[in-house]
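Chain IDs A, B, C and D follow the sequence of writing; residue 1 opens each chain.
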Amino acid sequence: MVHKFKIRVRYSETDQMGRVYHGAYASYLEVARVEMLRSLGWSYREMESQGLILPVRDLKVQFLKPVIYDQEIELRTTAKVKSPFRLAFEYDILVENKIVTQAQVELVGVNRGSQSISRLPDQLILDLGGIEND
Amino acid sequence: MVHKFKIRVRYSETDQMGRVYHGAYASYLEVARVEMLRSLGWSYREMESQGLILPVRDLKVQFLKPVIYDQEIELRTTAKVKSPFRLAFEYDILVENKIVTQAQVELVGVNRGSQSISRLPDQLILDLGGIEND
Amino acid sequence: MVHKFKIRVRYSETDQMGRVYHGAYASYLEVARVEMLRSLGWSYREMESQGLILPVRDLKVQFLKPVIYDQEIELRTTAKVKSPFRLAFEYDILVENKIVTQAQVELVGVNRGSQSISRLPDQLILDLGGIEND
Amino acid sequence: MVHKFKIRVRYSETDQMGRVYHGAYASYLEVARVEMLRSLGWSYREMESQGLILPVRDLKVQFLKPVIYDQEIELRTTAKVKSPFRLAFEYDILVENKIVTQAQVELVGVNRGSQSISRLPDQLILDLGGIEND
């Protein structure tokens, strides 16, 4: 399943090159995966309030073309369950239907109280298509 | 007492006007008051870990001249205790000894657990010169 | 005219108090006034590309209640033309129809090339209700 | 050559997990490479004002351990010239002498006016040890 979500670039996200600052993409990616989870019936806010946090373990971004202020970007997101503890999201970011950025993010389940690694909910794993067999 | 602290502008803090983004000053002000407290022997990190948080209740910033990338700004900070629950910080921000920005920030003591208003430590009030009589 | 616009809080905008970081509101205010201008037929991006920038001269924010992750905030924005060179925006920010934050922002017209003060377009002044008579 | 630079974590860089927000590392990496260039006699600000910008083409970050508010992180940075147009920086980020994060960033030379790919200055290539032979 490819989840699609649009975000308009804010002025605060630009830098003096007249482009979106490269660090700002992290928040776009985060919003897109939260919205993907929401579309599947999952609230990341609730997951956290129930004690499961999903910190990012690995972030990779390829900046192919600059994105500029006020543009509407479309994020196309796919998710994979890599293990009972680990999720991966892959992204294409498009402007006017052309890919301008690609990204891959891996998250790990962590218990908010103990800060130790924690299994993802079984239902979440199912909803994301089950554990991937590479 | 005027506390002085220098910060160099980061690229991430600029926007496409080629200036520091106005929202970025909030973090400069925060760093300067934390360093002022540190210079008086107080660690804001420890205060939080002991259950007292100091959220901002009021923020005012006057942007007199633009600040640009890589400039070193000097923050001159003074503090006043407005009540047993409330602190005020006043700032001049200078570049090459000229004031470019002024700001005023009010913080309120809050108990991290209950989220209710909380008295500031007596010693902190003393260290900041006691409760102000306007 | 009161312009209304909704924004959902991003994870990147929270801090370790579990609230929206106070500095993050600047970008909400900026988005809301750009959308207000858009609703009147004005593109701030185009204004800039034609050489007029609108830097913030004065920012005031009163934080009445905390806003938390994933909440949808509603910004109610009104604009006033203070002079041929100066705009003021006033904001109420609401969560579930209760005011949680108020803010006032003043912008000044500046010529992008010369960096000197510049008149606002006459039509923009008209569209915002004309120059205010206090 | 390994360049070392220390940065103290700001409150604005934390998120509600009580850690540094993963997107905030991009600005740490940027500061560290600019300081590395400065230590070699190069001002990135001047390079830009002379028309050469160095946008990020590729960003990779591995988050091994959380970094928290007020910690002082040490960035150990090495640089490689991949081609006359392309620089790579590799980073270890340490807290109390233990690696907590690793990162790799690739930048490409771009002419600010034409926005086309641009050669790096010969002297910069020499100062960074010449073009790498893999």
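Heads up, the rule we're going with is that contacts are C-beta pairs under 8 Å (C-beta built on N, C-alpha and C of every residue); 3 or more make two chains touch, one makes a residue touch a chain.
Since the model is a prediction, treat every value here as computed from it, not as a measurement.
Student: Taking CA centroids for every chain, report which one is farthest away from chain D.
Tutor: Checked the centroid distances; the maximum from chain D is C.
Student: Is the C-beta contact count larger for C-D or for A-C?
Tutor: More contacting C-beta pairs are found at A-C.
Student: Which whole number of Å gives the spacing of the CA centres of chain A and chain C?
Tutor: Taking the mean C-alpha position of each chain, the two centres sit 28 Å apart.
Student: Averaged over CA atoms, how far is the centre of chain B from the centre of chain C? Could you give it in whole Å?
Tutor: Comparing mean C-alpha positions, chain C is 23 Å from chain B.
Student: Counting only Cα atoms for the centres, state how far chain C is from chain D in Å.
Tutor: A distance of 33 Å separates the two centres.
Student: Can you list the chain A residues in contact with two or more other chains?
Tutor: Residues 11-12, 16-17, 19, 21, 23, 26-27, 30, 48, 69 of chain A touch two or more partner chains.
Student: Okay, in this complex, where on chain B does chain A touch?
Tutor: Those in contact with chain A are residues 11-12, 14-19, 21, 23, 69.
Student: Sort out for me which residues of chain D touch chain B in the complex.
Tutor: Its residues touching chain B are 10-13, 26-27, 30-31, 34, 43-45, 48, 69-70.
Student: Under the stated contact criterion, what part of chain D meets chain A in this complex?
Tutor: 16-17, 19, 21-27, 30, 48, 53, 55-63, 66, 112, 115
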